[in-house]
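Once you scroll down, you'll see the structures, which are given as structure tokens.
Below are two complexes that have chain A in common, paired first with chain B and then with chain C.
So, the complex of A and B:
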């Protein structure tokens, strides 16, 4: 039985302080930047593993300090007579890793629970992304242990933390294979999931690097360890080399589109649906779209029955599609501009996602701008422009603007984009 | 338990004079003193006997089994080693230190408690069992290190300078503990304090510049080389001077 040996981590109050320090360090990147992860359980989970960015270097520093202390104590001399000397050497490092892993799990539990509590749909089956992150953490702890056991001075502790952080940076920017990247997605992960092979390679690399670093930290003990230990470490190292080859450059895609997507809808006229992962602003968005849609209906425009959040790259001409930037998708509320822009797109025409810029006529951009602005003016959130080429049209009574609004909206709904025309005061 | 060293060469850096160079040495059960001036190679030899320092050349056998064999697990289990400057975590209690050592030694938890209690009693720390090691005096810490070496009930006990830095009363206490050890156990005690060695060991090995320059009975050593006063220290110094 390995057990969690905590003899070298100090008394319970010190271990509690270390755990608090690890959690605190891990929360720095998590609580940064307005916490957009509150809008998606998947992003919250990803952000929880992102805590290793800062927590890992702190854990490496602790491991370094522990192994400096062990080396200076002469206790390793006793390991030569131990029944399992290699395990005796690993045990303090496993203790540090266990403590740091607990901190990561607590942070992941915190982010996902908070997100779930405010209404996000939970995907507990995706918790499998945590163990690969903990394997990366093991590698970082082992690097700290290696530095501590070789340098044998306490001033090495901050350097171990800095070195591990630099390894993360170099791994993130592609100079080193992407082994040390954990979490930190900047998108919404709506309609997406985690790419299992990348995480599997990452776990293998983490375990292999951890084993290799620990073997180097006390080679004479590793050399006399049991054949199972040596064989497993050797295999893990070979696996790590293969994994690092797999994770080099841009080949370490961490997120992929999910095979199926699910929506959550707010019934009404129109019905507004968002992907199940990101429904935080749905109530607010649907209320604002409903309010704005009254003006379109007054103009005689026929709205699609349903507006949907777009799955990137997939045209959907049968539904209106929500035009939302990532921060709007994850936010609690949306502004009227987002609601108006979404309402002004009554169909997900293929032209919107075409690689050929000529497919989308240039006039569309101006038409879209006028229609969005018209909606905001009707709702009182904008004032009609009094100058410019369309000033005369803006000055017309509302009822005389309706024909252009109706014709434009019908063309947008039917994806007849080449039928779009700018309004004139004669319309 | 007997230990046989054959053709041992321990060198720290390539090209340096060997820290230990022993052509042949056999040690049998009972207390043995290992003496020499600072830098004579005593600690290196003890570390080699403890399985903690593989010699560059030669072999070490314990009870006929090669110590530095790949499958040495059974052999090393019979060794108890007390390094010179061992420091257990100050925040651990005496019993916790010994429980940790029991875990390292692979002693099953069902017997570890009894072994711990026995070792604590053997070194006279029973009334300090619950005390933090950081609060122990230097002498008490030495006793704890000795208890850690004894807890596995070794057949080869290696004590590196067990009385160094202790006051006369504490030294007497440690000597008494060593004297009371099982005579079937081979106890090798290094020291440069001849009085300690002469009072507790039956045989003596004098190490000088890494080589054995004397190996024999301690009383005869003192008798033959101790001069008119039968002084162990005089015997030692004359041996070193004559080498």
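So, the complex of A and C:
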């Protein structure tokens, strides 16, 4: 049974070394500077599949090396006499792909487990995004096998890795269809999920390209393979062509807004809620917001009952609105500025998404700056400006600043943005 | 020696130089973005990485049995391989020097080949495997900045890097060429 042997990968210790090399290569893009994926299980899973960016070219190089050795031996001629020669030809490639897939799964398990261990909510049902990524990996391994089989010289090995890496770059910048891009989201994926059709097209394209490349790698054997193999490869190739046309237009739509969202809250005055998938900084944020809110309450302002992390595109005038950049949402702690900015937006008014000054008056920007700074000054994290147009107001005793703070906060809470006024020393 | 140069891949070195020139002419001054990298990457950043990945290939001894029986010393063979790789790198570096904005890149072409030669000395035919993730890390770290003048490598550092890596490579070649169990200085030689 020469067909399904994978001795070409070497003895167990060599396979272990290859696996270690693949994991090591894949971890480089995953363990980037700030590791923001620690703040979201979904992002961690996405980042795990992003390991294919560097792991794939290394796997392609390994496949290239293996198939060079096979072609330089007498094995292809022996295989031609075997009962299932095509399976025998595929077996080493499947072996390389299996090792590389194991490395990707291990990296995904690592990122998601670490994220879960530090408190992120897990979504194990989303593991379905891994198989399409492994289909892309199969295409990369097959390209390496094709190069090795056709060139038949070991010098082709680094070239195979370089070519696959360049294919990834060209796919990511849009020169080629987005087949070879896996993972690598830069946002928080809060309130979002993976777009199943894009991943399905990607899987189809990956399988088709893998089948096509393997068929070309040894056409003589593929030609005499069984009708099922030839038919399946032909169908996969047709599917890949269709998929690549689809991915040319849809490659950016890897993520879509989820139909429903869930919140996790920290009760208090005010109650602070973040989307269930990004709760890492919630304790710190709610503590800081509660501390700052004491000053608003002292001024007589009425806080909304709840501040919520915003779902993009959905104004919510009934709740306060957490103003957090993506890195803050995924971080373990937030700074007081983030807490103050959030507290200074007690309603998610629809006007905030407008560029029209008739809807969002210019004065709001200055008022917002003053209110945020006032909160930070009260907490001791900023100093009151001693010059500028508002210097007189800043010099007033705290109790004389309260009327402006109260009136401003009430207007913000009721989305009466045209009622906002700058403070004056007479206020 | 001509036959050796052909066996080591002089034609591929010429091909790499040609590809590098095409890359420089077509994409070096373009900018592009890659997932997870916030800043735009200048096409120049690809040149040193890709040159190192491919130009170091002649440094790999694919026939150690032949090397063991060679009439020339391993040091000469190592230096000849280095000369072949650096000849290609110097042409690419020279082309960078005479290209707009490419002055800083030239030193990186040579430095990256020096790094690759150390990898080839340490892990032989698998030298390219660590260079792939290193290439990604390089793109990540230099995005938005390379090739600003602040990246300039002092000539002394460049010379030291190339010389040091060449010594490491030549040393590794000597160690590999020595038959197991034979003490240094007792290497079998044949008459030419």
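Quick note on the criterion: the second predicted complex is superposed on the first by the 414 of 427 C-alpha atoms of A that agree within 3 Å, B and C clash if a C-alpha of one lies under 4 Å from a C-alpha of the other, contacts with A are read in each partner's own complex, and residues count from 1 in each chain.
Everything below uses one rule, namely that contacts are C-beta pairs under 8 Å (C-beta built on N, C-alpha and C of every residue); 3 or more make two chains touch, one makes a residue touch a chain.
Owing to the predicted nature of the structure, the values given are computational and were not obtained by experimental measurement.
So if we stack both complexes on chain A, do chain B and chain C clash, or do they fit?
Here the two partners, once superposed via chain A, fit next to each other without clashing.
Touch test for A:78: chain B only (first), chain C only (second), both, or neither?
first
Quick one: classify A:183 as touching chain B (first), chain C (second), both or neither.
second
Specify the partner with more touching residues on chain A, choosing between chain B and chain C.
Tallying touched residues of chain A, the top partner is C.
Based on the superposed arrangement, let me know which partner A:355 touches: chain B (first), chain C (second), both, or neither?
neither
Mind working out whether A:11 is in touch with chain B, chain C, both or neither, as first, second, both or neither?
A:11 sits against chain B, while chain C stays out of touch.
How many degrees, to the nearest 10, separate the directions from chain A's C-alpha centre towards those of chain B and chain C?
An angle of 50 degrees, rounded.
Could you say whether A:224 touches chain B, chain C, both of them, or neither, answering first, second, both or neither?
first
Scan A:154 for contacts with chain B and chain C and give back first, second, both or neither.
A:154: touches chain C, not chain B.
Thinking of the overlay built on chain A, is A:21 touched by chain B (first), by chain C (second), by both, or by neither?
Touch status of A:21: second partner only.
Report for A:88: first if it touches chain B alone, second if chain C alone, otherwise both or neither.
In the superposition, A:88 touches chain B alone.
With both complexes placed on chain A, how many Å separate the closest C-alpha atoms of chain B and chain C?
Minimum over all C-alpha pairs: 15 Å.
Following superposition on chain A, which residues of chain A contact chain B and also contact chain C?
The answer is that chain A has no such residue.
Which residues of chain C touch chain A once you look at their complex with the stated criterion?
Checking each residue of chain C against chain A gives 9, 12, 32-36, 38, 46, 50, 53-54, 56-57, 60, 62, 125-137, 140.
Could you list, by residue number, the parts of chain A that touch chain C in their complex?
21, 24-29, 32-33, 47, 50, 53-54, 57-58, 61, 65, 154-155, 157-159, 161-162, 165-166, 169, 172-173, 181, 183-186
For the complex, give me every residue of chain A touching chain B.
Against chain B, the touching part of chain A is residues 3, 5, 7-8, 10-11, 14, 69, 72-84, 88, 220, 224.
In the complex formed with chain A, which residues of chain B make contact?
47, 50-52, 54, 70, 72-73, 76-77, 79-81, 83-89, 91-92, 96, 100-101, 103-106, 148, 152
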